[in-house]
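Pasting a structure below so you can have a look.
Labels A, B, C and D are assigned to the chains in the order they are written; within every chain, residues are numbered from 1.
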Amino acid sequence: MANTIGKMFSVTSFGSSHGKAVGAVIDGCPANLELNTEDIQKELDKRKPGTSGVTTPRKEEDKVQILSGIFEGKTDGTPITGVVYNNNQHSKDYSMFKNTPRPSHGDYGWMSKYGNYDYNGGGRGSGRITIGHVIAGAIAKKLLKTKNIEIVSQVIQIGDIMAHSNDFDTVKENVEKNSVRCGDLEAAKAMEELILSKKQEGDSIGGIVETVAVGVPAGLGEPVFERLDGDLARILMNINAVKGVEIGFGFDVATSCASEINDEYYIEDNKIYTSTNSSGGIIGGISNGMPIISRIAVKPTPSISKCQKSVNLEKMEAEDITIQGRHDPCICPRATVVAQSSVAIVLADHMIRSGYIHPSNLEI
Amino acid sequence: MANTIGKMFSVTSFGSSHGKAVGAVIDGCPANLELNTEDIQKELDKRKPGTSGVTTPRKEEDKVQILSGIFEGKTDGTPITGVVYNNNQHSKDYSMFKNTPRPSHGDYGWMSKYGNYDYNGGGRGSGRITIGHVIAGAIAKKLLKTKNIEIVSQVIQIGDIMAHSNDFDTVKENVEKNSVRCGDLEAAKAMEELILSKKQEGDSIGGIVETVAVGVPAGLGEPVFERLDGDLARILMNINAVKGVEIGFGFDVATSCASEINDEYYIEDNKIYTSTNSSGGIIGGISNGMPIISRIAVKPTPSISKCQKSVNLEKMEAEDITIQGRHDPCICPRATVVAQSSVAIVLADHMIRSGYIHPSNLEI
Amino acid sequence: MANTIGKMFSVTSFGSSHGKAVGAVIDGCPANLELNTEDIQKELDKRKPGTSGVTTPRKEEDKVQILSGIFEGKTDGTPITGVVYNNNQHSKDYSMFKNTPRPSHGDYGWMSKYGNYDYNGGGRGSGRITIGHVIAGAIAKKLLKTKNIEIVSQVIQIGDIMAHSNDFDTVKENVEKNSVRCGDLEAAKAMEELILSKKQEGDSIGGIVETVAVGVPAGLGEPVFERLDGDLARILMNINAVKGVEIGFGFDVATSCASEINDEYYIEDNKIYTSTNSSGGIIGGISNGMPIISRIAVKPTPSISKCQKSVNLEKMEAEDITIQGRHDPCICPRATVVAQSSVAIVLADHMIRSGYIHPSNLEI
Amino acid sequence: MANTIGKMFSVTSFGSSHGKAVGAVIDGCPANLELNTEDIQKELDKRKPGTSGVTTPRKEEDKVQILSGIFEGKTDGTPITGVVYNNNQHSKDYSMFKNTPRPSHGDYGWMSKYGNYDYNGGGRGSGRITIGHVIAGAIAKKLLKTKNIEIVSQVIQIGDIMAHSNDFDTVKENVEKNSVRCGDLEAAKAMEELILSKKQEGDSIGGIVETVAVGVPAGLGEPVFERLDGDLARILMNINAVKGVEIGFGFDVATSCASEINDEYYIEDNKIYTSTNSSGGIIGGISNGMPIISRIAVKPTPSISKCQKSVNLEKMEAEDITIQGRHDPCICPRATVVAQSSVAIVLADHMIRSGYIHPSNLEI
């Protein structure tokens, strides 16, 4: 079940970059959630490449079809299958990589593990397979919305350029206004310039994506091995190109004293809050009712047009490699959509597991 | 199965800080691994508190008993149960926390989720429950050793003090020579001083623990949802007090260009290597044969003797809290043992899943 | 993951009788298995209705498309997705069942559990969804064939008519020669007549399907909760209309003494055999190298044209029901294909889990 | 996780017949269930051998200790660990079986799979390990009782002697009154005589155990692979010596027409019932509110004192075997306790999964 994640709300992903289709089967969504193709399509459109200079110029329509799981406009408790057929494939770009793995790209791992590897467009190692995540995430988001949970992801850093922090609603609004999907419009401009300059050099650049979920009740997460932060860390680290995951204060805790970062409690309107949120909404693996804050470190796209050293695995000799193709000079903007989808999947699963959403019928 | 982790090599953890016992059931260890109590005890002793000024002065013997799974000195393929009975408990220290959650401690989450919460010593939210991790990790380490895989964890940062990097064998040796379990003996001294000064202030300090595994073959990890990095991120984030996880270059990828950090391939003695290892031994979720490098950010112990604001959940009113008890002024030194245990558990699981270790009998 | 089964070789089923499609995602099939559409289609054709008087006259083409998981004619270790689009649907037949559950049919359970239920053709409760099982089973069978494991299912009883037992190869040949899929051609004739007479009466009849797997090595099955017989019992009982599962001597053990049915060991050509096989190839949950024998009791199709008492769930009052539609007068013939698919899925999973088939690459 | 079963309410079993202990870790029981040692002990006492002529004369105290999971007399949502230390072991009885597997006993499977096998008393293949099932079942039963679900198992057949059927309460009362645990006191006498005569002959006899659960609401079970009947079939077939499982009419459906056995609906007091219950309370994999009825076929104890043919696996030559030891002449009486425990475990799991029992706190 390597391609399935989640216990009560689970996602099975399938497909590859240059095969017939990519998609996902979502199992465990309770019945009676209103859901149509458009709910999913609008999320896919945010992830779609070819919409600006900072992403790959590949034009993919990425039109989703729902094959199962909806009856009379609502989910019916059976598996929901969403499929996107692949259209715009340039397989000729890739034949040269058949025996020559691209540095820091998944090629070598797939080749050595499976023997038979679809090297075209990275096959199943391609970022394109996150279409399945986004399909599932769109459903999860809609499900969470019924309980007033909302999620937004934004790029908060590209290279040395950092975004100023903004409140949830401003970020939600601003990410739709710039191609980088940054919540700070000024920083967004600088980020865009930096990305384009790297693109010009035939290089690529990394960054950080932050995801905030508001409205999450206290009590999600089951210690000690199905903690909410552990489940988030897994699904986020599983996203292509991610090399680090943080919750709340993250790595800054290393240089902090408890007296500086402990989140003290207070009461307002008969509810419990913490005056700070360096815990990022999760303590001891369980949500505490404050916003859930996670961040991922996204590495620069490994496919660059600069010449790199590699090896020919058939001849077992050194071989230089230059990658043409059409690649994102920065993965972060599109990764925001995958990050928020991933967080939504984990939260939907835990909301059901913790008794906040009925497992089979939303109307109960 | 919230307290079970692993697919083929799995660990079920049980027990609480001030209950009768803590322990773990390890299922899926193949038969014919030589194993005795001492193999486990020596790992537990590294985690044992009360051995220096930088850990809690609680004296716990932490003697393990094996209840099942060994026949004639070897594993027999059945579940291995290891138990440590609790002895040195000061339950009187904790009654004041019954209704008043300690800031940034698991209390509030456990109370709100389960209603009935053993607040004594943090109950199951206590760091003490990682004894189960260490029991399981000791078995995993011994199993991995049969395939020449070795793992070592060290403290690489406390507050602003950072260790210089050293080679694997030096680190392995040095961590046993200082109370901080740092691989750089000079830095260790400064770290120890910093921790003791924080202890003096009634405060605590965070840090970073790095784990390196050498000898891991290429091909571990199953994309897209059971990637090796995702599984590592989950088990590491699930450790108490961890707020961040990195693989390889980690968050430094955010400020890097691909041309700077891509790991280029070369051949030596007919084997494939990369000339750098910013990937930390994992690309595309699959190991590439290079050392597996992970880091965790460990927050300062939330239990400090300084006065903090909290709330009384019964009376629903503000209540200040001062925590006496006996607490580690820094979690990192003992967390190293839990980190390497956790990494060992994941690697053992994946070595079996990937066909490198026979699932039922080591002699096949 | 209610629609996913299997640990290393896993199947996720989706779709409904009158929705757009039915199908399955098969995850964990190692790379380098030669596989094409025809391998799957030929199994689906055996299950296809409308081919004789003893099955429903619905004509369904049931043409499978493979959406993912094959590269250059071989599996590549990624999920294999097989889809059959639904064509021949008579939704008008079913509107009368919207609020009136058919006796002994899944309707009532689905209605009460999910609220929103696709009553057309039984929705996901339809036997039609076993197309997913057959797709997965075809792949499992091909995988097992590489290790010389073969499986055949036959009808051995319909009403009071029982088949004489025959050797494996004869059964394999004979089941293709008669519409009942019985291994005894004479009994097959009598069974066919009995079924047609029941059809004439507007009634239906039950029976027993036996599945034999030969070539299975000793050592499959992991006690105590993932025993081979337990896993077979689950997947077989999960088939629509099955009310009983037996291994080997089955319920006849109730009237037996150990001295009569114990399987004694002997040696031939330096291999271990048992002189009888009342254990059905599994003792203590683990295969012993003898043929694996299972049987399922299949109830008569609950949809019959005779008038039956039911209730209107909306009005909450009694309401008689007469079911027209086009239904199999006996489920057994088509159930043989589902039974052998199910057994194949479990065996494929356990062959990988037990180290007999490499988990990622058949060529290793 | 071969020794773990259940998704939300899960059981991890450990231990062996002649090792230090047997037991189980129960994970997922919600907090605030009143539970003490006596609740478990009284169930273990029913399973305890040495209490009559129809069971083994081994005297085992089987005293359970709870190591974790209870706080102030109630469950606290953390794993509950129950352990029984082994005392009355006659290891000398077994050395002769080291290389000579007993016919129809698990020996050979364990030897061939694991290589290192604790042949003493059958090791983990022993019926003794069902103590773990009973510990878990006792907790599950107490949990179900809070929702008015009750379960009782009885022996309904030994050899050719069958019990007359009785209502639930009579059966519950009667099983405690006779050593065979049959609900029909007259049949019980005849069964006892038959068993004792087989014991006299150095032989053993099989039988059938029926389990009825009342009070189970409609809607448990998740098609298509986590159906309630499939989950019951798995856990029941996983019990030692079980060779068949039936739900409701079971194998009798083979000789039935739908018009004879379909369960028609009616309304009483505004609730839905069926006038018959040949479905055994489960249709289409989902419970329908009627009593859940299952039956298992239990083979005669394979360990008999009559001489049998076996082989010496070391010398690879024929070797006759005569088994002395102390064995049950019929497994059925004690199997009733294991059967009802197993059914309770599955129902507890599904009650949580279906939203009828809160997953973390009974008081919510």
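Simple rule for what comes next: contacts are C-beta pairs under 8 Å (C-beta built on N, C-alpha and C of every residue); 3 or more make two chains touch, one makes a residue touch a chain.
From a predicted model like this one, the values you see are computed outputs, not experimental measurements.
K.L.:
Could you tell me which chains make contact with chain A and chain B both?
P.N.:
C, D
K.L.:
What's the chain with its C-alpha centre farthest out from chain C?
P.N.:
It is B.
K.L.:
How big is the gap, in whole Å, between where the Cα atoms of chain A centre and where those of chain D centre?
P.N.:
The separation of the two C-alpha centroids amounts to 45 Å.
K.L.:
Could you put a whole-Å number on the gap between the CA centroids of chain B and chain D?
P.N.:
38
K.L.:
So which bits of chain B are touching at least two other chains?
P.N.:
1-4, 7, 13, 110, 113, 124, 219, 222, 354, 360, 364
K.L.:
Which residues, counting only chain A, touch chain B once they are in their complex?
P.N.:
So the residues of chain A in touch with chain B come to 1-5, 11, 13, 101, 103-110, 112-113, 124-125, 129, 157-160, 198, 203-208, 218-219, 221-227, 229-238, 240, 242-259, 261-267, 270, 272, 274-275, 278-280, 282-288, 297-304, 306, 308-311, 313, 316-318, 354.
K.L.:
Under the definition above, what is the set of chain D residues touching chain A in their complex?
P.N.:
7-8, 219, 222, 353-355, 358-360, 364
K.L.:
Considering only the defined contacts, which chain A positions touch chain C in the complex?
P.N.:
On the chain A side, the touching residues are 1-4, 6-7, 10, 12-16, 19-23, 25, 27-28, 30-32, 65-72, 74-81, 83, 110, 113-118, 123-124, 360-361, 363-364.
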